[in-house]
Amino acid sequence: MFLAHVNSLEASIFSSLAILSLLLAFVMLGSHWLRNYVYAFAAESWLIAALSAAVGYFGGYRELYAIAVLTALFRGLVLPWLLVRIISHLNVKREMHAVLQPSSSLVVGALLVMFAFVIANHMNHETATAGHVVVLALTIMISLKLLGFLMLSVRNEAISQILGLLVLENGIFLGSQILVPGMPMLIEIVILFDLLIVVACFGMLVRYLVVHAGTTSSRELQKLVG
Amino acid sequence: MVLSDLVLQICQVLCVLLLAPLLQGFILKAEERVQRSRGPSLIQPYRDLWKLFHKELVLPESASWIFWIAPFVAFTAMLIVPILIPVLTDRPLPLSDMGDMLGGGMVLTLGSFAILLAGLDSGNVYGGIGSSRAVMLGILAEPTLILVLVGISLLAKAMLPFVVNHLLLSSLSVYWSPAHVFLILGFFALLLVETDRLPIHSSTHIEIYMIDEARILEYSGPLLALLKWASMMKQFILYIIFCNVFLLPWGMSQLGTPLGQLGSVFTLLLKFLLVALAVVVVETVQSRLRFYRYQEPLAAGFLFAVLAIVSSQLL
Amino acid sequence: MAYDLALILFLAPAIAAIASLLLRQPRIAEYLTVAAAVIDLVVSIPMLVSVLRNGPVTALHGYVLIDTLGTWVMICIAIVYALSSLYAVGYMRLLNEEGRLSLFYSLFSGFAFTMFAACVMNNAGVFWIAIELTTLISTFLVGFEREAESTEAAWKYIVVVSSGISLALLGTVLFYWGGSFVLGPTYAMTWAALHQSAAQVYTPLLTVSFLLVLVGYGTKAGLAPMHTWLPDAHSESPAPVSAMLSGALLNASMLGIARFLAVVDGTRTSRFAHSAVVSFGIFSFVLAALFIVRQTDVKRLMAYSSVEHIGVQALGLGFGGALGVAGTLYHMLNHSLNKSLMFFGSGNAMRAYGTKDIGGIRSVLRTFPASGTLWLLGAVGIAGAPPFALFLSEFTILRAGMGGRYRWAAILFVVFLIVVFIGFLSHFRSMYFDQTAEPGEKLSGLAWRALPMWLAFAPILILGLWWPQHLWSVFARISSNLVGVAQ
């Protein structure tokens, strides 16, 4: 496994980049202006692209450079641009009526990170430096998932839900860069493009929501119950 | 020719004393330039100090001896701290083990505390407001400062800033470790607060916004000059700590030759340029926060400091 | 031979989809779709025969694997595709959406294409991508009617299912990571490779990965408590799409769970995995039974019945062994047929009475004498009563459960089956035998809408009375292949 041969400098760099990505997820959790979410998401994608390039550099995986560039381009530029466009068409600037205040959701987020840490510790049986980075990568992957689900559940706006989904995908991507950098490139590239298609579909649906349902806030989409 | 340690020590203090207004002038000018106006000249703070030293001293009737002593205490505190921290050389000079990092922090706070008392002393309304707000900010900021210092001590396993500097120079893996990155971010948040930058302070003199200006509203003449100089030196010192201990520990003189000293001064100014530009950008991009939201950037700083400590233990 | 048949199977809906989109003629689109669906149905059965005789076929550098399990699911999908496209011809004409009909049929065939693609994927990652594509295409089908409710349903569908299957992606990546300890950093993530390395992977890692995959694909399949999208999506979409979603898509997702069960088979996680599947299955069953009792909307009733039957399929897979797997596979076929029948009937009723409320639908037999009888008999069948096919498959699963560790689940199954029977049929009793004023109006095109119901009903009756010996041996072969996937 790649991580078995990592030295302390590499471990530090990977750890820093990964933890900063997690921190940006907390920033997303704590803000209620929609534009701030998108910018934090873009920054997170850039960090993950940097991580990908770092793994490629230190591990000797040349194809990861291409993936890093594609990630920075698509997840870091194109997706945020698409989302900002949707936001500006929508006339919604911020979350009204948040279920959880930002400060409480930060605390819940911290608890979820601790839970993820427990699971990651349980799943890992390496020791030494490699073990630390493995546990960190697993923790961040699982906690980004959990934070994404938290964002999906406590946010009402459609855009926030799209962003929650994208955070989920970001988490998987982050973890897969550190843990399995050798995964066949075909799959990584297809997943990347799949994400673009997903966001395009979401964009179309959001427009339909505005036109036909009259609102994008799921607080008001209450017609189908039982 | 290697200069003696005593001379080096005096050089450090003089450097802080003489170059602090230059940094202030640069920040003010850069802010104005970023907003496309011309701004005051770089040496304007020197001219202001000169002017103030030649003005008449006016005292309020209700002032006591604290009113007299506070500017001197603050000024002296700011002169002591450069002895303790790495300013120009990266090896400890004779008197620098008078206090470690916590000691230096305490001396800095002592200066601020003296001014606080002076603000309350004359019974002026604005002084009271300024002092109480400053205390509130202090309550929020001091724990963060302490945790940052604790964090860096845990990382270096020593309380001296010189040891930290050497560690960061020698080991790249510690420089890039998550603990260190968080400490940089936490200290940057603190830097913004302690040096009176937005999003907390504003540079206008409208009463409801003032914090620091309110405290020194009663002062005039040479005492005011001393206070202003002290705050400029505090800014300079915090920048020194940020650059030489945390962010950019390179470029300091190792042998102690005069040429090395000059080069060290030059590098210092260069590092400050970078940090000051970052601060100016941060300040221009945001507006002032409302009063009850002052806790938010400081809470973020606190969070960073805690995360730094946690990650230094776990990783 | 299987390869050529597969090629035809994939080309037919692809051509239908592209041609419908380009030509924009509703009538041509209708006939193309029906033709493609019938071709697929006709081609899929010899494909199964060929695979049984000659063994599984790999293609496209090992990315495509045509094996018995996949082919069986493809037959179920093809049946539903054929029946729904027949029904759609008559139904969609009632919607007054002539301009967009060609888009509908194009999406319809595209949906079928992606489901077929999911059944033949050999690589776990590409399988995930195929499932994600089915979600994306079916969202637009669900929201086709551009009403407030259907848009809301489509939104809920895509958000819940996409987030759910992202969990499955995480599980897949973790499976890959586990395998990389054994097989090296780069290897093709085929089912066989995963199974081969599974025995040596650290057990907690394998357990967590399997759980993630189960929850992820379980969201897509409609297992409770991840089923929240299902009643909305299945009730708000047009009836032919509901039939496709219930009858075909849920089966394709169960295929994913079955494949991952096969991957962990034989390791220390296997017991936990089976228990997890059984727990989700019985929970879905119980929850669906409780919701069925208090439904007021006829299509939501059918949707909850789908949740119930997916729970039964999960129970079958979880009970395991030859009996359990055979029961599940048979159940897939029977459920596809029966559920299509039910959705077709409810579509007819909706259009005739102008409402989806059970309270607004009365005296069905007067409006639809022949197809109404079929609907009622289909309701009896879907509640699990003999002499219909679902009774046989549920009975087989029950036998599989009673014999092993999961007797508690089997007993709960029986008890709540009674609840379902009573609840479901009481709704139908009120629809058929209560007297109120307005009958429904008779609309045109009934022939198109009734024919698929006959075509769906006949096999249910036949298969309920006679379980062919040949079919039993096919299931035995599939279940043995499921257990020993390392080929």
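Read from first to last, the chains carry the letters A, B and C; within each, the first residue is number 1.
FYI, a contact is a pair of C-beta atoms (placed from the backbone, for glycine too) under 8 Å apart; a residue touches a chain by one contact, two chains touch by 3 or more.
This one's a predicted model, so the numbers in the text were calculated from it and none came from an experiment.
Participant: Please tell me whether A-C or A-B has the greater number of C-beta pairs in contact.
Facilitator: Per the contact counts, A-C leads.
Participant: Greatest Cα-centroid separation from chain C: which chain?
Facilitator: B
Participant: Can you figure out the chain closest to the middle, judged by Cα centres?
Facilitator: Taking the mean of all protein C-alpha atoms as reference, the closest chain is A.
Participant: So what's the Cα centroid distance for chain B and chain C, whole Å?
Facilitator: 68
Participant: Quick one: report the Å distance separating chain A from chain C, using the average Cα coordinate of each chain.
Facilitator: So the centre of chain A lies 31 Å away from the centre of chain C.
Participant: Where the CA atoms of chain A average out and where those of chain B average out, how many Å apart are those spots?
Facilitator: Inter-chain centre distance comes to 37 Å.
Participant: Which residues, counting only chain A, touch chain B once they are in their complex?
Facilitator: Going through chain A, the ones touching chain B are 7-9, 11-13, 15-16, 19-20, 23, 132, 136.
Participant: Over in the complex, which chain C residues touch chain A? Could you list them?
Facilitator: Touching chain A: residues 123, 125-126, 129, 132-133, 136, 139-140, 143, 146-149, 151-156, 158-159, 162-163, 166-167, 169-170, 173-174, 176-177, 180-181, 184-186, 188-189, 202, 204-205, 208, 231-232, 235-236, 291, 294-297, 300 of chain C.
Participant: Under the touch definition given earlier, write down the residues of chain B that touch chain A in their complex.
Facilitator: Those in contact with chain A are residues 172-178, 181-182, 307, 311, 314-315.
Participant: Which residues of chain A touch chain C in their complex?
Facilitator: 1-2, 119, 122-125, 141-142, 145, 148-149, 152, 158, 161, 164-165, 168-169, 171-172, 175-176, 179-184, 187, 190-191, 194, 197-198, 201-202, 204-205, 208-209, 212-214, 218, 221, 223-224, 226
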